[in-house]
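Two complexes come next, and they have one chain in common, subunit A, joined by subunit B in the first and subunit C in the second.
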Partner chain A sequence: MRSRRLATVLVAPGTAYLILVFVSIVALLFSYSARSERTAALVAPVDWATWQNVLTDAYTWQVLTTTVLLGLVVSVLTVLVAYPLAWCVHTMRRPWQATTMLFVIFSPILVSVVVRTYGWAMLLRENGPFGSLFDGWLYHQPGVIVALVHVELPFAVFPILAAIRSVPPELGRAAADLGAGPLRRFLRVQLPLTMPGVLSGIQLVFALTISAFATPALLGGGRVTVLAQTIYQSIQQLQWPTAAAQAVLLLILALLVLTLFTGLARLVSGGRAAR
Partner chain B sequence: MTALVKALRWAWITACAVFITAPLLIVLVASVSTDHVLTGWPSGFTLEWIRTALSYEPFQVGFLYSIEVAALATVIALALGVPAAYAIARLDLPGTGLLRSIFVAPLSLPRVVTGFSFFVLYVSLMPTAYGTVGGVALAHVLLLLPFVISVVGSGLAGLDPQLEAAARDLGATPWRAFRQVTLPQIRLSLVIAAVFGFLTSFDEVDTSVFLMPAGTTTLPVAIFLRLEQNQDPTTSAVSSLMIAGSLLLAGLTAVALRRSGLFGTGRNEQKEQA
Partner chain C sequence: MTASASSIEISGVTRRFGAATVLHGISLTIAANSFHCLLGPSGCGKTTLMHLLAGLDVPDEGTIVIGGTEHTRTPAHRRPTNLVFQSGALFPHMSVRDNVAFGLRSDGLKGPALRTRVDESLELVAMGEFAGRMPATLSGGQRQRIAIARALVKRPDVLLLDEPLSALDLALQLHMRRELKRWQQETGTTFVCVTHNQAEAMEIADEISVMRAGTIEQTGSAQELYAAPETRFVAGFIGENNIFTGPGPVIDGITFPTPAADGQVLTLRPEHLRLVEAGSDDSRGGVRVDTVGFTGRTIRAGLRTGTGRELLAELPAGTPLTPGAEVGLAFDAGHVYAVPS
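Coming up: the complex of A and B.
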């Protein structure tokens, strides 16, 4: 009994902070998006005009489409780079090689996204170090995509590497003994067993990409606009209610993605258990 | 066949290593190059840009601001997170699953939404918190808490609870048993959580950009706002200082941990996190 009281005391401050923040976030977002004038008052008369404007504006839907498409393209590309990379690291014989490669892969997490984005701006610039190779990439979709793949790559390698490590090597050997070729072994043994890792990689990258702000803002050149940027732009134009509505949309999108992938992960692991 | 696989393997590893390091390397090279715009290998080297960046006032102010915010946010996140992680892992508590998901929930919250929400919170309830170290740090705590909880939680999960129970049986108070038995064993997790938390807060842009006026900002936000306008060697210089600083801090931590022998005992712990 004493232990339970102690536990409550230890957990209470953090939980109180989080619940307070969550409740005020939800309450304030809805309160601010359901008013039409910019006031800092805690409560204002409910007015759905802002929501009507945001939802009927073609720009909102265009931005929403760009955001989701960017998330899809970046998460698929990132996993396509990350899976072979994780496999290469896993199969490295000498420990120091694997340690060095892991350091190379994960150290960019420690460097600010702004700095990494700036690096891409310099690499992709016309008449930059690569001459005209990347002409038309910077301030267009391809530049944003490349930089985002770079930013999110470690987050895909992490779960995929963990999944590859958890596959017992005997399984591959057993399949080979039974006469399965390399491709068949990969498609029928390795890939299904590492699918949960691939899925959580895609989920993580997708979630991070749809809420990415600094990279599309600096490399999009006004041509590539995602939901996160519109919130910032609305604030700068002092349209707080619009910004609140856009924030609610982004939040709903993030939660939808979370639910979708949780269901998908359950389906994948459930399907494996049933087989 | 195996030779081909081997060649492909090394080609992929090399390509990935170049892809990952190129944007950092070009910033480092540009910051010491005499060329205003880098078009190839620099024609000469200079420390002028670094000197300009070091004496540029918005960067100086921003650096101190970022340090203060990151230190405060890390301290608060550890103070709230470590006791909670301990209680969830060790003590008899109902609804541990729910608690754990509450503590990692902020991860699913887009950072921009966090930033906007705290902005609205401050303008409507606490106008004085807008643009202050405390106000920004309190928002950053939300980003750091999930990380503190999972790192310290997995550190605790790798330990034997019987050790602390034995200390209690020998007459130690709960606090003493924790401090002398459990705390030394989770030192590695605590250091990792603190260093990573500090850097996360120091580098943060998406949330911070909503919480401060354009005049006085943290260092990454200052760089962001400058990059929105133009690119110049001074920005490269301050960026390369940030790269060097982050890697140096991480490297020093790794060396310090190895010196203290924590890496040896912490191996299992690390593997579990991976």
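Coming up: the complex of A and C.
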């Protein structure tokens, strides 16, 4: 009982901080989005014109579609790259090998987003170090995608690695013993049991991608516009209510997709949903 | 009984992990349709040997022949063997039925034929009504039954069991021993069971191989191992024993009829000891009664010799004994076995 009370005391400040900040920001956003012009006074008359404009604007929908598609493509690609990497780390015999590998996977996070992005620009530029291999990638979708996959890889590798490590090794041996070849072992035993890790990897990467700003802005060359950029543009033009409405849209989008994936995770983990 | 049950011939199998040699040139023949136990303390290499038989590992030297065909390097999924893991290793995301069907589906079986085989197997282990359950909802004993059904459904030539009962409580273990024996007889499959529990091995096995430090000390029926152990280790590991080390004929104050030869120790089973009046003609030496315990059929008495050696005697129930009493120790010369030390 005492340790419970202590835990409550320890957790309380952080929880209070998070709730306060989150709730007040969301409340402010909603409040701003329900005005027609920038105002510091929250008592200004409520006006849904901003929402009407944002929701009927074809450009907003186009940007929204780009954002969601980019999120889906990047999260799926990242997980496809991350799974073999996580598997590789898992099977490494010597601890220093795994540590080195994890450091390499983690490294993009250690580099400033601006530096990393210009690094990609140099790699992808025409007549760059890879010759004409990446011609047409820079300032287009592929360039943005490849750079986002790079930086978000660790967010997929770590949950997948944790999931792989939680599968008892004798399950794979049992499947082999029962006559399952490598492919069947992977598809019927390994993959279903690590699916929760894969899904949380997709969730994390998706949430990070749809809110990404610097990478699409710098590598998209104006051709790849995501929601975060239009929010920035709206603020630059002092259209605070529009920016707020777009931000709320982004938030709803993120919550929607996260809820969807949580449901999916519960579905694939089947009878073990309890944990 | 089916004709497919086959014998195993292991010849000169050695397995090393890095600098450590876990198995030292093991050779062993296991008869078809028999129940064979690999018995030994932890770390003796019995599980490694089992993995070599299952194809989950490959020996550094030697050959493994199963049913007349060499399988030394055949991977697990192409061997006529199936393994029951200590933990059961049931797939947690599949129902009991899907677990049991997994191996047959791997072989391409489907439809009514698959269903019949799965039902048969579940009936054999009396788990038919649990077909729709998930493994997490089963007890340890039920999980182990499913694991055995899952392996037996493939009708392997050889069923390998890795400590199948060690995770169960004692009452369940005693029950499952008889079940294992029954399933082996009903299916006519060769069972090879790894265990560290000598009572379990003695009860279920037709033949036992006692292993120690990567070698087989002795192979034989439980009776043979008990009556005529060939090494000191077997003498101490199979059943309880009093072991006397020394040149003799007087060891620890006890006079033996024949002295131990060089490099030998003398053994005396607890049930072969008798207590007589101290100093009587039958007495071969004086001991003090330390502890007296009643087990039902017998009395287990802890004895102490004049030199402080502890001995165990198993006496008929009703033998009058008081702790602290000074008595004489008697035994027949024929019950003293000399084994290499």
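Brief remarks follow.
Keep this in mind: the second predicted complex is superposed on the first by the 254 of 275 C-alpha atoms of A that agree within 3 Å, B and C clash if a C-alpha of one lies under 4 Å from a C-alpha of the other, contacts with A are read in each partner's own complex, and residues count from 1 in each chain.
Everything that follows uses one rule, which is that contacts are C-beta pairs under 8 Å (C-beta built on N, C-alpha and C of every residue); 3 or more make two chains touch, one makes a residue touch a chain.
Note that the structure is predicted; figures quoted are calculated from it, not measured.
Placing subunit B and subunit C on a common subunit A by superposition gives a fit, with no clash between them.
Shared-chain residue A:Glu170: touches subunit C; no touch with subunit B. Once the two complexes are laid over each other on the shared chain, residue contacts for A:Pro192 go to subunit C alone; subunit B is not touched. Using the contact criterion defined above for the overlaid structures, shared-chain residue A:Ile25 touches subunit B, although it does not reach subunit C. Judged by the number of subunit A residues each one touches, B leads among subunit B and subunit C. Between subunit B and subunit C, an angle of 90 degrees opens at the CA centre of subunit A in the superposed model, to the nearest 10.
When the two complexes are overlaid on their common chain A, residue A:Met122 makes contact with subunit B while staying clear of subunit C. By the touch criterion defined above, A:Ala180 reaches subunit C but does not reach subunit B.
Least inter-chain distance for subunit B and subunit C in the combined superposition, rounded to the nearest angstrom, is 12, based on C-alpha atoms.
The contact sets of subunit A with subunit B and with subunit C never meet. Within the complex, the subunit A residues that touch subunit C are 168, 170-171, 173-181, 184, 188-189, 192-193, 269-272. The touching residues of subunit B, when paired with subunit A in their complex, are 9, 12-13, 16-17, 19-27, 30, 37-40, 79-81, 83-84, 86-88, 91-93, 99, 102-103, 105-106, 108-114, 116-117, 119-121, 123-125, 127, 141-142, 145, 174, 196, 199, 202-203, 205-206, 209-210, 220, 223-224, 227-228, 231, 235-236, 239, 242-243, 246-247, 249-250, 274.
Residue ranges of subunit C in contact with subunit A, taken from their complex: 54-56, 75-78, 81-83, 85, 87, 89, 91-93, 95, 102-103, 106-107, 134, 136, 150-151, 154. Of all the residues in subunit A, the ones that touch subunit B in their complex are 3-4, 6-8, 10-11, 13-15, 17-19, 21-22, 24-25, 28-29, 32, 40-42, 81, 84-85, 88, 91, 101, 104-105, 107-108, 110-123, 125, 127-129, 147, 150, 153, 158, 161-162, 165, 207, 210-214, 217-218, 228, 231-232, 235, 240, 243-244, 247, 250-251, 254-255, 258.
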